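As written, the chains take the letters A, B and C, and residue 1 is the first residue of each chain.
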């Protein structure tokens, strides 16, 4: 033992601190959780990750790489995704959701502008996988497999890849050159693409099954369904899908002066707005009201802004033709009665309420179906491809995903399924049982300490004025200011993961939060932590939780 | 190496008041002491009164201090600091930051005279009061900073007097800088310490430093309780620069005093089966007066 | 240079020549003239020092504590109530081993209020760990201050110079005030060992739990005991340089041949010496043992000097109420346990609250103990003022 110094005046330079860690009954631990945005994102994007990268590093390139770990199509999804992530965003309980979708587009566009390239995780391996269909499901599956070194070949029935992104979604929402660039970038991973080959028609499915180690079926729901109505065989009567494919293929379609679109989904909205751009007066005829319309709200709003007429409670009875040419539609007014099996109010015609709507073109945007021509798999509900949770169909080694499996869904849902299928295919080929990790629990806003966040206005993208929009098929949302997007990204709470706010570091009364010399991250110094819980309480994003001492 | 968090720009973390002290978990005073001395930096001499801080931080042979530490008694840090300052002047040494400090009992009661003398003589010393609103070290007895209604071991039915307003009394000594602060706002605490130390002459900073033990709240609530104290108007945060009250912290959303009272055991008796007694109304009135007086 | 000067001013002069860096004091009779004079000396620039006008003795002591802990040579002066008010700090200063010098202008303690001399005040803090030196006259008071700084700074023990209030502080006597250069040569600049300085961070005044406290007390006790050497050494060095016998541990007067030995301290020894001379003329052999240093107590010196004395009387201006003479018990304790049973040590308390001690009083005392030893007695008590009912 050291001799007592004169006057007990101790040299403070060599003090061996007294360890207080043994006082602890609770232990602070860092627990990463799933933010609700990612939980809601069908593509499983690391939203928190790319937003925080923007916010902290102001680095678009790094953000692009974070985003494209899951999603090969950020520029596309950033335009067309109905962004359920924002519905889930914890910030909604505080002020407004983070403009995730807008930020995603900004990052995607940056990647295209800067020609950023995807990186392979594994250079090459011998196994080969065939992908049928180059829609988002097929592309995503091919992308993830190619990154992991598989030889992938995509077979596409149409002349150009992209599926509904190419032939369904109009270019004022998703410019063709954006899609094309994003697709090319994916293909650069060494993916082979053969267009104008309809599997099951041009080459038999069996051939693929024999040649490849696995097959992914991402054929979507390409067939437009029309309702059974007299006059639907007249010229100038289209299904929604066919009409859009024509226009998106660059063909001129003469729609005349008056166009009637039947249906209330996204296809109906796109048809109406495309027809508007072709110079017609457009009415959307729908049996119920706006509330029941399945289309994305923003799409309906934009259609209304563009002065598409909406006729609710209206049902077509027959298409009136003159000399095999449409002249109008006989319709009847409906009233809503008790809900039907779908849970929506049941429309019933009001007797004697018939009237005629003039029409030069009628578009039946009333549904789509899978085109099973030459492809034989087990079905679900008689309509959709049946697949198990690993997305394998009834046939061993054949996987499926996207609209064909889910029914009419979204681009991001298709991307998500492609991603999942790729993992499942890898497991299948490698003979793994199940390699997907369980997701950490979701963190909700009640767990956050929102004191540390400031209220801040959300970035709202601005559309071109209406009169400018209707003149052409140019994109209605011009590019965003990159700085403003970084500001927006700073609104992200970083739910469930440290964002280096420093609170734990500053608040710990025992200086037991240190910067780890190894990782550079905050860590607990358990020799001194007394387990008071202050750090956990004041961690804005709930990355610290108190647990029982082991 | 992690870059310094951008959220901590201008914030100092040097651990000059280091780990290994024996304060209760979540002690607001331990936190305050570190914030103060990290802001002041290495070139600082701490003159500390007897009280929790001194007892939990200075046991031989493993004190938590890494800067010069001088303690002699409960009531005299201001006078001791005066002497240190006089010595520095006389010996032509320095400049050096001299921080005299003590709990509310030391500051408001037993050491009040020494502080008044230090202020009046104009020593270049910063006095910091860690206000935990009672004599904690001796087992939670009432001090003249104990708020109305609070239960302590010597006010078992609740304190009947109002808190002494030392910041105003300090300012009336004509000293150039007075400030109040709370430990939840570490930026503010450190800004005020730095500002004070840059001013020649006596300075007074009064820091609300919750005591989980004496106040009867879990240690994890130490920061939250401060916010409630501010947002109810019970603890006004402001500066007095050359006699003028400035930089008053405005309350973003005013909260009823119940919000503050009900998280603390020392006010539990003010609610009978959850219903506030008339004392709560008195406390609300105190908050209202603060709000009006300081335009919170 | 010999000067007709008031005791307080003489002290102030020499203290100034000791070049303290920080002086802090609070007025209290009969100490006031010392600090007033020092304030003047600092005020007119003769001495470069910080003079801190505090709001109490408690602060005065705290200020010098802080100053000393920061490396300054620090000085204060007080008495009576002031010293008691300081007492908490007095203990600290010693425990922290800060070599502060304090003048105690001895005065009685309230209640009842009395501004007059006795030595109850310094006795009240005798156990605090300070060296206590007692001056016989103003020359010695002045000399002791020069020695005090040197002793304190060599031993890291605070040192109190006690001089009787009014009797010395306010008396005009010729005093030889040394030249500044002489003092400078005698007293080297203060070299502190343990100070608060950001360059070498130290913790001073740490908390000691039961594992350590006892040892700090033991060390302090031994340091005081061992300061004996320094005290003697400094005193004899002083004698060599200045040609005067001042300070030291004890002094004796006609003790060798004495049948009755009186033990006392402070200014009263002057009167005692006069009385001894008178009695000598009358053929009585009375001698004096003067305690110059009360703490550390010169136990061995006392023992040696009084070894062959069988009739000892201790006269003191203080009392341990409910117990008796304080110095008397110190003297009694100076003899080893296996003592001659027939040695008498009488105890007299006198001069409390400024009561005059006359030669007659002293004669009475000697005559009394010649007849039979007095266990304990108040000398010069006015019995007619005492109501039995109140005792």
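Convention: a residue touches a chain if its C-beta (ideal position, glycine included) is under 8 Å from a C-beta of that chain, and two chains touch if they have at least 3 such contacts.
Predicted model, so just to flag it, every value in this text is computed and none were measured.
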{"item": "Identifier of the chain whose CA centre is least distant from the whole-structure CA centre", "value": "B"}
{"item": "Pair exhibiting more inter-chain C-beta contacts, A-B or A-C", "value": "A-B"}
{"item": "Greatest separation from chain B - chain, by CA centre", "value": "A"}
{"item": "Rounded Å distance between chain B and chain C, as computed from the means of their C-alpha atoms", "value": "43"}
{"item": "Between chain B and chain A, distance of the C-alpha-averaged centres to the nearest whole Å", "value": "52"}
{"item": "Chain centre separation (chain A, chain C; CA means) in Å", "value": "92"}
{"item": "Contacts with two or more other chains, residues of chain B listed in rising order", "value": "59-61, 63, 65-69"}
{"item": "Multi-chain contact residues (two or more partners), chain C", "value": "96, 201-206, 208, 212"}
{"item": "Chain A residues counted as touching two or more neighbouring chains", "value": "4, 8, 10, 12-13"}
{"item": "Touch list for chain C against partner chain B, complex", "value": "21-22, 24, 48-50, 52-56, 58-59, 62-72, 74, 88-89, 92, 96, 196-198, 201-209, 212"}
{"item": "Interfacial residue positions of chain A with respect to chain B in the complex", "value": "2, 4, 8, 10, 12-13, 15-20, 23-24, 56, 451, 500-502, 505-512, 515, 517, 520-521, 525, 527-528, 530-534, 536-538, 546"}
{"item": "Residue numbers on chain A that touch chain C, as the complex places them", "value": "4-13"}
{"item": "Partner chain A, residues of chain C touching it in the complex", "value": "95-98, 156, 193-194, 200-206, 208, 212, 215-216, 219"}
{"item": "Contact footprint of chain A on chain B as seen in their complex", "value": "1-2, 5-8, 11, 13, 15, 18-28, 30-31, 34-35, 59-69, 186, 212, 218-224, 227"}
